[in-house]
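After this come two complexes, each holding chain A, first together with chain B and then together with chain C.
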Partner chain A sequence: METANIAQNGRRLVTKNPMAAFLIVVGVVLIIDVVRQLATGDITFARILSLVWDGLMRGLVIGLAGIGLSMTYSILNFANFAHGDYITAGAFAGWATTYLIAGRFGAESSIGSLLLVGAGGSVFGGALGINVVSTPLAVVAGLIVACGFTIALALLMDRFVFKPIRGSGGIPLLITSIGAAFAIRYMLRFVFDPGTRGTTAAGAVPDIRPTIIDGSVVFTMHDLALIVVAGGLMLGVHLLLQRTKLGKAMRAMSDDQSLSRITGIPTERVIRATWIIGGGLTGVSGFMFVLWKGTLSWNDGWLLLLLIFAAVILGGIGSVYGAIVGGLVIGIVASTAVIWIPSGFARAAAFFVMILFLIVRPQGIFAGRSTA
Partner chain B sequence: MTDTEPDGEYAQRDDEEAVSLFGITFPNDGTMLLALLLTTYALYMIAGFVIGFPVRGLVNQLGQLTFWIALFAMSALALNLQWGYTGLFNIGIVGFMATGVYVTAILSKPVYGTGTSAAQVGGLGLPLSVGIVGGVLAAGLLGFLAALPALRLRADYLAIVTIALSEIVRFALLSNTLSEGTVGGYTLGLGGGNGLILDFTDPLEALIRALSLPFDLVTGQDGFLWTEIYIGIIVNGISVFTPGNPKSVIDTFAYAAVLLLILGGFYVLLRRTGNSPFGRVLKAIREDEDVTNALGKNTNQFKIKSFVVGCALMGLIGILWFGTQGSVTPNTFRPRITFYIWIALIIGGAGSNTGSVMGGAIFAAFLFQGPRYAKNVIETVLGEPSAPSSFAQAVAPILSADIVPFFLYTVDNMRQLQLVLMGVVLIVLMHRRPDGLLGHRKEIASSVPLDRPASNKSLASDGGETDE
Partner chain C sequence: MSDADAAASDRGADEETQADVDANTADDHAENSETDAAEPTSAATEITLYEDSLLSIRDLDAGYGDLQILTDVDLDVNDGEYVTIVGPNGAGKSTVMKSVFAITDLMGGSVVFDGADITGTKPEDIIHLGLGYVPQNDNVFPSLSVIENLEMGAYILDEVPEDRLRDVFDRFPILEERKHQKAGTLSGGQQQMLAMGRALMLDPKLLLLDEPSAGLAPDLVDEMFDRIDEINADGTAIMMVEQNAKKALRRCDRGYVFVDGKNRYEDEGLTLLNDPQVRQDFLGG
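And then the complex of A and B:
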C-alpha cells in the first residue's frame, strides 16, 4: 500500500513537473557521489565542512549586498546592473581609509600610495599589518567610510541617472544602469589601476583550527567579524521593515506604486530611504568581502553581481529574507561545487543553478511572501 | 496582388522619403549613410594631416576604421533582429561570438604537430570554409539551447540568463580541464587561459584562393588570383611607390572591403526579413506578444527562430572579428564587447536597420576608434612622452598648477576612459534620445502601399460613386 502510494506520487511528479523530478534525481546522484568520495577517501569530511563554511561566508556577503538590490528591484522595478560597481566603489573608498589610518597618515608610505590602496604595488596591505585585531580602528573607520561613500554614490546616481527617467519602464532603466556600471567600473580602474592587491597579510589573521572528525577546519577572526556585521545588519533591516512606518511604506510601494501615492505615501522620500539603506548595506558588504578574502580588484563587484542576481532571483525579488537565503544557497553552491566539478567551473555552477531556478520557479523560493 | 508582383514588394518604403539628421535633409537613407561615412573619413584625414601624422599610419588608420565600422554595423544589425524586431533582450552577445571563433579554430587549426607554429594544441585541420560554417552553426546551436527555456521569461530575466551564459562560456574557455585533451586521435582543446593560436590560413588569403578556383582551371596555376593578381600586381605595384612593404596595410584594406560586402549582405538579409510576413510577426511580438498569440501565431517558435538566427550571425561576426587577429584569449570575451554593440544599436535606434548601420559607424568612428586615434595622434605629436605610472603621480603636480602629468596620464589610459565615456554617452542617450537617431520611424508592416494612389486626388466624399 505504502509503496504504491510513493510510486503514484512519483509518477505524478514526473508527469506534472518533469524539471523538478529531474532536479531531485540530480540531487540524489550528487549525494551518492559525495558518499562514494568519502568512502574512497577522495575527500575528507573536514574538507567538505570547510567548503560549506567558505560558502556560508560568501553567502553572507552576497545576501547583504543582495538586500539592497532586491529592494531597488522591487520598489523601482528595474534590475540595477550598476549595483556590483557600487560594491567595488564602496570597497575602494573604505580600504583607502583603512590604509590611510593603518599607514598612520603617511608615516609608513606616501599619502598618495595609501589613498590609492597601494596602486601599482607601492604599498602592500600585508606590510601595514591590517586585520581586525591589530588595527581595529582602521577597519571600523574603513567600514563606516565604505558605508557612507556608497550611500552618497547611490544617491548621486539616483539623482542624475535614474530619477530623470523614473517613469520610462524597467528596460530603459536597466540599459541606463549598464551605462552607469561601465562608467563607474572603468573610472575606478582609471584611478586605482588595474592590478589586484592583497589587503591583509595572508596567514597573519588570528584564527583557530579545531580538528573535526578527520582533519582541521580553519575559522578566522575575519569570519567572525563578517558574521557579526552581516548578521547584525540583517537583523536591523528585519526590524526596520517590520516595526517602522518606513518599512510599511516600502512594502506598500513594492506592491503598488500608484496606490501608495494615492494613500499619501511620500514615494520619492521612500525611494531615497531605499537607496540609503541599500547603498549602505552594499558598501559594507563590499568592505567586508575584501576584508574576508584579502584581495581587492576593480572587477570584484561585477564578478559578484551575477551571483547576487542569482541570489535575489532565487529568493524571490523583493523579499529581503529571500535575498539572504538565496545568498547563502548560491554561496554554498559556488563553494561546494568543486566537490563534483573542476574548480574552473565553480562559478559557472552557481550561474547554472540560477538559470535552472529561473526556468523551474521564476518567482523564487519566497514568492508571494513579500517583506519589502 | 498576385505572384507576378515585382521583387520590390517587400521593399522598405521609407528609404524613398526624404530623411533629416542633425538638421540636414537627405533625399534618402543611402545618401545619408554615404554622407556620414564621407564626413567621418574626412574628419580623420584632416585630423591626421593637420598634425602631420605619417601617411602610412594615416592610411592604416583608415583601413582599421573601415574594419571597425563594418564590424559594429553588422553586430548592431544582428542585435537589431533580436531586440529591435522581436524584443529579445540579449546581453550575452559576446558568448556567441566566442563560441563561433573557438569552434572555427578547433575545426580549422592544423592537426597537432603539423602546424607552422609551436601551438600547444592542434585542430582538425579542415578547410577554413568548413570551420566558419561550423562556428556559425555552433553559435546558432548555443542560441537554440539558451532559447528553448529562456524565451518564456521576462525581458529582464532573459537579460540575466544571457549574460550569465556568456560568462559560463568564458569560464569554460578559461578552464584547465578543457584546455587540452585527446579526442579520437586528435590533440584538441580550448587552450585555457593562454588562449588559442589561430594558425589556420589567413581568412583573406583563403577567400581569394577560393575565388581563384575558376582562374586556376584556366591558367593551371594554384591560387592564381592570390599569387599573381593580389601579391604580384596589387601589392608589388603599390610597393613601387612606398617605402617598406605595404602588404599589411593593403591586407587591412582588402579585408575591410570584404567586410563591407558582407555588411551589405547582412543589411539586405535583415531588411528583407523585417519586411517579410515573418518579420511582421516578429514586430507584432515586440509590440504585444499576447495579442499575436491570440491571432494564432506560435510566438515561441517565431522567437526561437529570430533568436537563433541572430546568435548565428553573432557567431559569424565573432569569426570575422577575431579570425584575423592571430590568436584569441578567453578574457577578450568580457561583457564589454556586448556593451559596445548595445551602444551602437541604441545610437542608431532599435528597430531600424539603416539606423543600426549608422549607429555602428558612429560608434566605431567616434567612440571606439576615435579616442584611440586621438591618443595615437597626440602621442605622435608629443614625441611619445612617458606618462606617470599611477594616478597619485598624475594628480600631485596639479597642486603646483602643473597639469601636464595628469594630461599625459589621461592620454595613456585612454582605453579606460573611453569606457567611462561610453557609459556616460549611453546614459545621456537613454535620457535624451532613447529612440536613437532613427528609432522613432514608423515602419509600415503592410506589404501593400497604404497611401492613396497619387493620381486619385479627389476624396471619395460622395460615397465612392466615381469608382463605377
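And then the complex of A and C:
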C-alpha cells in the first residue's frame, strides 16, 4: 500500500513536472556518489565540512555585495555592471589604508609602496603581519576607508555618469555601466599594478582546528570577522528596510517611482541614500573579501560580479533578501562542487545550478516578497 | 440614485427629467446651494473665472512631449468646493490633474494654488502646500503594508500624525482591520480607499481624485461617492475627474465639461446635467 502510493506520486511527478523529477534524480546520484567517496576514503567528512564552511564565507561576501546591486536595480531600474569594480576599488582603498597603518606610516617601507598596496612586490603583506588580532586598528581603519571611498565613488559615478542619462531607460544605463566598469578596472590596474599580492601571511591568521569526525576543520579569526561584519550589516539592512522611514521610502520607490513622487517622497534624496548604503556595503564586502581570502588583484571584483549576478538573479532580482539567500546558495555550490568535478569548473557549476533553479522557479526565490 | 433611474428619466419627457433633477437638488444638494457664489447662467461656452479661488488654472497649455493635449484651459476650485470634470475619453480630463502636479509637460499658462504660483513646481514641493492627488491606476505601493502606505502619505512630516491616522481609520474602518496586510493583496475598492486615505494623511485643502469609481463593482460606486461627499462635507475641497458623469454631476457643486483638450462648459453640476446641449453631446442624450 505504502509503496504503491510512493510509486503513484513518483509517476505523477515525472509526468507533471519532469524538470523537478530530473533534479531529484541528479541530487540522488550526487548523494550516492558522496557516500561512495566517503566509503572509499576519497574524501573525508571534515573535508566536506570545510568546503561547506568555505562556501558559506564566500556566500556572505557575495550576499553582502549583492545587496547593493539589488538595491540599485530595484530603485534605479538598471543592472550596474560597474558594481564589481566598485568592490575592487573599495578593496584597494581600504587595503592601502591598512598597509599604511600596519606599516607604521613608512617605518617599515616607503609610504608610496604602502599606499600602492605593495605594487610590484615592493612590500609583502605577510611581512606586515596584518590580521584582525595583531593589527586590529589597521583592519578597522581599512574597513572604514573602504566603505567611505566606495560611497564617494558611487556618488561621483552617479552624479557625472548615470544621472545625466537616468531618464533614457535601463539599457543605455546598463551599457554605460559596462563602460564605467572598464574605466574603473583599468584605472586600478594602471595605478596599483596588475600583480596579485598576498595581503595576509598564509597560516599566520589565528585559528582553531577542531577535529570533527575524521579530520580537522580550520576556522580562522577572519572567518569570524566576516561573519560578524556581514551578518551585522545584513541585519542592519533588514532593520533599515522594515523599521525606518528611509527604508520604507526605498521600498516604496522600488514599487512605483511616479507614485512616490506625488506622495511627496523626495526621490533624488532616496536615490542618493541608496547609493550611499549600497556603495558602503559594497566597499565593506570588497575589503572583507580580501581579508578573508588573503589576496588582492585588480580583477577580483569583476570576477566576483558574475557570481553576484547569479546570486541576485537566483534570489529574485531586486530583492535584498533574495540577494543574501542567493549569495549563500551560490557560494556553497561553487565551493562544494569540487567534491564531484574539477575545481576549474566550480564557477560553471554555480551558474548551472542557477539556470536549473530558474527553470523550476523562474521568478527566483524571493520574487514578489518585500523588495527594495 | 442608480444608473437605472437616471436612464429611465433620460428616456422620459423633459418635464420628468426636470422633476428628477429637482428632486435631487432637494435631497442631495440643499446644503450646497448657497456655497456657490457664481451667478448661474445657462450652460454657455463662457467659462466663469473666479477671483481668489483656491486653485486657479489660467490659459493652461500642456501635453506630453510634442503632443499638446490641453489648450487654453481656465479652471477654478473655490475653498471647500466640490468640482467635477467630465467629458469624453481623450478630452484631457486627467491631463489637467497631472498638469497641476507638473507631471505633464507644461507649455504655457499658470497654476496658482492658495495664492502661490505652483506652475511647474515639483510634486514633492506641491504636497507641502496642502494639495493631495490620487491617481487613477497604481495608486498604492503594493509591497508595503496598509499602515506603511499611510505612513508614506505623511512622509514630509517628521512624525506620523496620530490624529490624522485616526481620522483615516474612522473614515475607512476596513483599512484599520487590514493594517498589516500588503496593499497589493487588497481588493480594488479597498486599494482606492487606501489611496484616498494616504492623500488625506496630510489633511489637504484640496484633493484631486482621478476617476475614483474606475474599476469598482457597481454597488461600490455609490459607496465611494458617499465617502467623497463626507470628505468634502468636512471641509476638503475636491476636484474630481469622472467617467461616471451623471452621478458625479449630480453630487458635485460645479462641473466642467472638457472636449478635445478645451474647457467647453462650466456651471453648477445639476444645471449641466439638465442642459439639453450638454446632455445630447456628452451624456448620451
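Just so we're on the same page, the second predicted complex is superposed on the first by the 351 of 372 C-alpha atoms of A that agree within 3 Å, B and C clash if a C-alpha of one lies under 4 Å from a C-alpha of the other, contacts with A are read in each partner's own complex, and residues count from 1 in each chain.
Criterion: a contact is a pair of C-beta atoms (placed from the backbone, for glycine too) under 8 Å apart; a residue touches a chain by one contact, two chains touch by 3 or more.
These numbers come from a predicted model, not from an experiment.
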| item | value |
| --- | --- |
| Partners on chain A (chain B, chain C) - clash or fit | fit |
| Once both complexes are placed on the shared chain, angle at chain A toward chain B and chain C, C-alpha, multiple of 10 degrees | 90 |
| Touched partner set for A:171, first chain B, second chain C, both or neither | first |
| Partner chain(s) touched by A:15 [first = chain B, second = chain C, both, neither] | neither |
| First, second, both or neither for A:267, with chain B first and chain C second | second |
| Which superposed partner A:259 touches (first chain B, second chain C, both, neither) | second |
| Chain A: partner with more touched residues, chain B or chain C | B |
| Touching partner for A:112 - first (chain B), second (chain C), both, neither | first |
| First (chain B), second (chain C), both or neither touched by A:351 | first |
| Partner chain(s) touched by A:251 [first = chain B, second = chain C, both, neither] | second |
| Minimum C-alpha separation between chain B and chain C after superposing on chain A, in Å | 18 |
| Doubly contacted residues of chain A, that is, touched by chain B and again by chain C | none |
| Parts of chain B lying in touch with chain A, wherever the complex brings them together | 89, 91, 149-150, 152-157, 159-161, 163-165, 167-168, 171-172, 174-177, 335-336, 339, 342-343, 346, 389-393, 395-396, 413, 416-420, 422-427, 430-431, 434 |
| Sites on chain A touched by chain B in the complex | 78-79, 110, 112-113, 115-116, 119-120, 122, 161, 164-165, 168, 170-172, 174-176, 178-187, 189-194, 302, 306, 309-310, 313, 342, 344-345, 347-348, 351-352, 354-355, 358-359, 362 |
| In the complex with chain A, residue positions of chain C that touch it | 101, 103, 122-124, 127-128, 133, 135, 138-144, 148, 151-153, 155-156, 198, 202 |
| Residue ranges of chain A in contact with chain C within the complex | 245, 248-249, 251-252, 254-256, 258-267, 368-371 |
